[in-house]
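This report refers to the structure that appears directly beneath it.
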């Protein structure tokens, strides 16, 4: 974006050369700094009025040579023209804001500061650099890795684990689980006993034991066991099973 | 041009060997030093200078290199810390110890509803989160387990009694999570515990 | 286990720093040395021992590294690392960050009189010489830029306060900002006195 400029530290060149180099300037402040050096004085002693005239003259010539100037340069030209007129006119006691002298002093300060940073950059680059003048160990020794395990567990997990254990005990104590299971043995025994009394097709659900249809868990267990028992009896050839449609009630009758 | 003084030559060899990626032989050194230098003599001086230091000048075949002194090799090892999650059996056992300490193995088993494998408690003890407490003054004088300072540190607790009780857990909504839907819990790698966790436990649960 | 004797600690620090291409901080050293070691004292002793040698012990911010003496660079032409040449915009921006840090993009633009092109700061950050500092506590909370430890290492500076000419620049007021009155330039609107941010203040703090 910022093309490498011609060496701005070199002796000031004739105007024609300067114009050719315009695209190489890094903005209006850079151009001003180059022009300021032609005054060959300490930047703090610079004549801002003369500098403004130099800049405006430069812009004028660039325009006459149809060199395209970036907007920045034109804005700076307008501002310097304004500053020049302020510097030439007697100060207006009614005017607000900084005086023309303050503005000029600030411009001189900016130029000096930019110059100082350029010199600082040059000094930095002139230091003995790592990899150019100073060197790190060429064959750094590798560090062997030892594995160590750090266990990770969070307080929330710990509390949840405990809560899970305790609530399981509260609502489904271990001993009660057995009471909610109607075993296949129980169901077989009950069906063998009752099937003889069933004359014709009877809904399988009627074979569920008393007290096992109220809660879903007990009903589920008893249904599963009774159905398994009916399959077992059918395999033994003691009953027939019938279902009219998918998910329709299952009926059973003795053979 | 005359050769640099001996102490300069010594500095040169020192810098060259330090910066080089490979060991350097006498010829390499001579080629890179000012004409008339005597790298062999510089090496001899350097070798004396570095004798017994943390870094030593070693001969590697026909070449020379700096190497860490053999007795300091242990410094060249770095611990790589690898984090692992506690198994579900481990988390549950740890929770029970924290809430019920001092607690016996039988009590842990009663609360978990499954037998506690030796490995689970051993692991927690090895991790430094659980230690043996006083023996219970009951028949058989069973050992008890308590949590350690390291446990409190890890979980940011001032004491185990700071753990929220069941009622507080419920109030805070922490009890909503279902068994098996625990976020981030590693599958139970503890074989003994898994096999004794009867699958039927959950089959008819709500 | 008690800490090793001082001369052993000195050997250890010597070995650790020799082995590493990167500067190591006191904490890095302490972490790898036996408990109770005092790497700071070992460093002080080592620094004296290596003064004037072909390899020198250098402070780089809060860390330390062995580097070959600058006057012997001519011997190491084979080791020279080809680096991307920084553009003028790059070197100027780097100098502005180093001397004015912590500095905002607007302040860099004010000093250079042009907007900072996208790539310039990116490149400096990518090279590891510039990083983000704390946000300025002014309206808009703009990000600031500071130089890194790698910057100090590359340019052979023990700290940012060792930047060449820093005292003179500060004395001449050239590191101050003044109310901007130029058209088209970024105003230093936050009014912060850059000179009050001593370079180095923010350098390694976080």
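In order of appearance the chains are A, B and C, and numbering begins at 1 in each one.
Here is the rule we use: a residue touches a chain if its C-beta (ideal position, glycine included) is under 8 Å from a C-beta of that chain, and two chains touch if they have at least 3 such contacts.
Labels paired with UniProt names: A = Segregation and condensation protein A; B, C = Condensin subunit ScpB.
For clarity, every value in this text was computed on a predicted model and none was experimentally measured.
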Notebook entry, point to check: Hey, which chain ends up farthest from chain C, C-alpha centres compared?
Noted result: B
Note to self: Mean of the CA atoms for each chain, then the mean for all of them together: which chain is nearest?
What the structure shows: A
Check: In whole angstrom, how far does the Cα centroid of chain A sit from the Cα centroid of chain C?
Finding: 28
Item checked: Centroid spacing, where centroids are CA-atom means, of chain B and chain C in whole angstrom -> 33
Notebook entry, point to check: Hey, what residues on chain B touch two or more of the other chains?
Noted result: 15, 18-21, 66, 68, 76, 78
Margin query: Among all residues of chain A, which ones touch two or more of the remaining chains?
Written below: 135-138, 141, 143
Notebook entry, point to check: In the complex formed with chain C, which residues of chain A make contact?
Noted result: 1-2, 4-5, 26-30, 71-72, 75-76, 78-79, 98, 102-103, 106-107, 109-110, 112-114, 116-125, 127-138, 140-141, 143
Item checked: Of all residues in chain C, those that touch chain A in their complex -> 18-22, 65-70, 73, 76, 79-81, 83, 86-89, 91-92, 94-96, 98-99, 111-114, 117-120, 153-157, 163-165, 169, 172, 174, 178-185
Checklist line | Sites on chain A touched by chain B in the complex | finding: 135-139, 141-169, 171-172, 174, 177, 180-181, 217, 220-221
Margin query: Which stretch or stretches of chain B touch chain C in the complex?
Written below: 10-16, 18-21, 32-33, 53-55, 66, 68-69, 72, 75-76, 78
